[in-house]
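Below you'll find the structures, each written out as structure tokens.
Shared chain: subunit A. Partners: subunit B in the first complex, subunit C in the second.
Up next is the complex of A and B:
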């Protein structure tokens, strides 16, 4: 060892307890070891940085290239074809339906899950017996692997033996099986998108609630009490203290949900594969069908990239937030 | 408020009772909505077919004796056993790769005052936000290039693209909670940087490392797209991909087996994830250690 100071005697190996105050401050030690520290640090960072660069950053750039090429699954060679893929996408009816459905899906789901999530968060803020159990139960939809829970819903939406319809028919809200008054959730173009949105809401409202709860509990009670003493009303406290304090956490939660909801293919793919017709077609499913099933990598990549402008605002807000926060 | 509608409570006890009644009345629908689909899947897995496919009985309990037939079908007539073993093997590899990369990276970013550490941290976290739907087409080329298409090794390669960023971020937060004095004491004792990290910091970070392993596993289980796009042979798929794609054939649905297959693996994962959910939320909101 050739460090600048040594506690104890290096030759005899006897270690002596030295009061920390007697040692140079760790900052000084760090500076004196600068080259070693940097070498060690970058060596530790390198594997993760390389993995992420090679398998996330490079593929992302590669997807930009794919989008302007005529790459297919079978061919190794791909030529530059400019914006043809984007043009072709814009000329597809199914693309416009997918874009519209993606936006509708996202907006409707976001409104519903914020309403449900907020109500649930306020309930979970209260003190009551069995709260831990209740919390563990209500978050199951979020923790269950998505492909698996969607299968459960596919069975609940069965055209003939749907348990949802069993309940509705016993309540007298729908007609008999086989008539027009019997909803075929996944087979009726008017209902299929609603059915898919409901599954997304079911899966993610616990997430909204837990994120909100994490925000609420991060607000120190002392601050609220102090404001109360100073004569702030409930609304003033909420508006001037709670909202600004939980805002960063809310933004992160919102961003995650945006990325997940807009880019998720599993709910729609397992329930309807975009059907009936194109009634539930969304951008991720279309990108998969064109890119892998039809083998047109270039056009698939172009369609997937149309998600970027939809995701960009959320990511921008998040980054600004992250830069401001000292972590 | 609503006090004007209901009779105004007279005593503190009445007030408390009323509060609890309102809370339970509010929370019950949420619990029912969250849990019913899982209950429905579970009971479906144990019902005999004639009990499943009828609408004249009350379907919420067994009208015929429960059966294990669906599970027998699953293990003897499908690749379910292979999917479980694929899932386990993939998870072990992914966890290993994640640990070997994310734990050192988290330490370097949190503790070693590297120039540009903050931006590198943000960069790694940003890569967690690049959704698989944008990466799966270029990655299919990478997978083909490496000759991994049509085998679960493709998933061992691509799952770390989301587990490494998440776990690096998680470990960063974790290492920040380890007191600086511990490393200083190690240096006093003559340890170098490596010694301080391996012999002093790592042993007290076992909980953080275990948390990373759990997330490498649970996050991998949430994937559907990569498995769907990269692994075609029926016996190479992990459970969350195999069940929806192989057990549904044409228009014939074996709902009993399907639900059994889904829950048998899904429920343990959900329960495990449940215990670590707060960590997940802390991880993504950056508030680790608060």
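Up next is the complex of A and C:
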């Protein structure tokens, strides 16, 4: 391919294609229209590039640097210690529990959020009185400050005053307070993890619903009507028409959700601090406890970086699928 | 480095040594003069002082502290600003201020004491620590542990928070059981009263009270966490085994599984609900029942730390201290304020309604403010002799801070309560302690 440059005489208006290599290198190119367009393009891109560099690349590289150093929160200088922090993390019993819990947390929460989010999105698509009010109400869990909403759940899970338990008990579904049939939500190792996941799902499934709703409304009714006329069932229409058409939106929604779920520190930290006996320990909480509270920044960063191998494959799959659909 | 220093006459003084020695001497004598005159030096006038502290469990204390700081500022021409944040947020805030090299002049550490992590960036407060001690009859024995590093003092311990026995005298008398003066008596009472619908509870979960309470039990059983140097964990002992065995019995006989889910305030609510036969908690749990459940308030009594099998009593408490950043541009005002605060130690204790326990011997003398004149609380005056902090009998090190942050010790009691064998639990716990100790640089 030969690169050419449109040049011409401004007086005669004659324009000719000139090979780029034939242009003088005295700076004329920089004053050319192409150069100006290129420069303008880069100028428009610059804020986004700067934003990504400052807010994503720099912190990520900094955390890589911390993870291979003996940095503590109280020392300006840190020495290089190679992979010691990663090795130390792998030797920790609580790290493996946290890793397992993080995966369980993510998978269960993703499944529940998909089901609930899709159901809610379909419900919100229907026409009914007070639809706008309901749409505003369903996003409240997502918009409330996390500390407030999770503290509310902490009360609802209280071992003695749990409103959930008292209601279930009055309905005869569980035993009375003080008996073995009275669930201690945050005290039983299995229930505690379930309780934490449920709060995460409650908080973020409205986000999934809103994303899906935006996708559903972008599907033209004519296409769906045509499919109906052709005899397609609801599931066939959903699987063969709706999902392919909103696929890019779905992928972006999943991507956000994956990141939100795996990096969620607040729910577990406020509800259980990883207890009882590490039963609800997850990687972000462990990283915070070691990195910030105990001051061992290097090891905290190393533990947090173990989220990358968990996140990277998911992000890779989402983005690859997205790209395939584009072409 | 003396290794490469040329031979020198020991009496010879270098220019650098001379400047350093005279500077320290001048600073010390200026401070002494200033303290003697009870007047701030001219250089702090017109300056700003920013204080970061926690949101105290007794709101009235915060109101008093803010007013107290403001009045001191007005008197000395210093513009004082006090910021309150939840104590759990302090480590993150401290890390942020350190990284930025800017922030508050004075900062508070409560329960999570970070002196050994930050001491290189904290102002040396040895001078005012010594002077305050000298002026107020000295400090109690446990005072140095949270704030001392390599013989220097980097924080002023302001008060500690006790967790005594809070027990229901009416229920104990009704059941004919002895007051919980020993851990064994507490177990018998819990077993007897659980059968009557009044169990007890100590957190077997991830919260600070779990760290404090189970350590009190372990140390009272003669166990230790580290050696006196603080460099080696000492949890694989006969006493530790005894304490774990006792903890399991106490849970099985006297508690319910609720304790696995408890936070720092759950036992307060347990007492206030009228169900608990006894709890091991700060006196705020007792005080709040005055309004929430007057009957419980009337019948709840405060006991000394229960004695272990050998008669030993160790009460592990939550220390609180103020520190000053080395990068603070107003260290003179910060020091002057802290001296003034400690000069009013008794008033602080009054304003906290006896919740703040004093580190200064003069304030700790009987009768202490508030608690000395309260028949039920008088027993708290005997605690200063038995108070200890994390790491006992060693100092409060960074290693121990991490052990506490990861709740290793309460998790050992939790594992045993859930049925894991004692040897297996000790093996796990020792592994965690050793791994943490090995990875930390000596501080």
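Simple rule for what comes next: the second predicted complex is superposed on the first by the 238 of 327 C-alpha atoms of A that agree within 3 Å, B and C clash if a C-alpha of one lies under 4 Å from a C-alpha of the other, contacts with A are read in each partner's own complex, and residues count from 1 in each chain.
By our rule, a residue touches a chain if its C-beta (ideal position, glycine included) is under 8 Å from a C-beta of that chain, and two chains touch if they have at least 3 such contacts.
Just so you know, these numbers come straight off a predicted model, no measurement behind them.
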For this session: Go through the superposed model and pick first if A:161 touches only subunit B, second if only subunit C, both, or neither.
Result: both
Exercise. What is the contact status of A:66 with respect to subunit B (first) and subunit C (second): first, second, both, or neither?
Worked result: first
Problem set entry | Which superposed partner A:86 touches (first subunit B, second subunit C, both, neither) | neither
For this session: Return first, second, both or neither, reflecting whether A:95 touches subunit B, subunit C, both chains, or no partner chain.
Result: neither
For this session: Have a look at where A:153 lands relative to subunit B and subunit C in the superposition and call it first, second, both or neither.
Result: first
Problem set entry | Which of subunit B and subunit C A:105 touches, first, second, both or neither | neither
For this session: Please indicate which partner A:306 is in contact with in the superposed arrangement: first for subunit B, second for subunit C, both, or neither.
Result: neither
Problem set entry | Residue contacts on subunit A - larger count, subunit B or subunit C | B
Exercise. Which partner does A:184 contact after superposing on A: first (subunit B), second (subunit C), both, neither?
Worked result: second
Exercise. Does the superposition put A:292 against subunit B (first), subunit C (second), both, or neither?
Worked result: both
Seminar exercise, completed: subunit A residues where the subunit B and subunit C footprints coincide 73, 158, 160-161, 292, 297
Problem set entry | In the complex with subunit C, residue positions of subunit A that touch it | 70, 72-76, 88, 91-94, 154, 157-161, 178, 184-188, 192, 272-278, 289-290, 292-297, 299
Exercise. Within the complex, which stretch of subunit A touches subunit B?
Worked result: 1, 3, 6-8, 10, 15, 18, 20, 23, 26, 29-30, 33, 36-38, 40-42, 44-45, 47-49, 51-52, 55-57, 59-60, 62-63, 66, 71, 73, 116, 119-120, 123-124, 126, 128, 134, 136-153, 155-156, 158, 160-161, 163, 166, 169, 177, 202, 206, 210-211, 214, 218, 248-249, 252-253, 255-256, 259-260, 262-266, 269-270, 283-284, 287-288, 291-292, 297, 300-301, 304-305, 307-308, 311, 315, 318-319, 322-323, 325, 327
Exercise. Any idea which subunit C residues touch subunit A in the complex?
Worked result: 91-92, 94-95, 98-99, 112, 114, 117-121, 197, 204-207, 256-263, 266, 269-270, 273, 275, 398, 401-402, 405-407, 411, 414-415, 418, 428, 431-432, 435, 439-441
For this session: Using the touch definition up top, name the residues of subunit B that touch subunit A in the complex.
Result: 19-20, 23-24, 26-27, 30-31, 33-35, 37-38, 40-41, 44, 52-55, 59, 97, 100-102, 104-105, 107-109, 112-115, 120-127, 129-142, 157-158, 160-161, 164-165, 168, 173, 180-181, 183-184, 187-190, 192-194, 197, 218, 221-222, 224-225, 228-229, 240-241, 243-244, 253, 255, 258-259, 262-263, 265-267, 269-271, 273-274, 277-278, 281-282, 284-287, 290
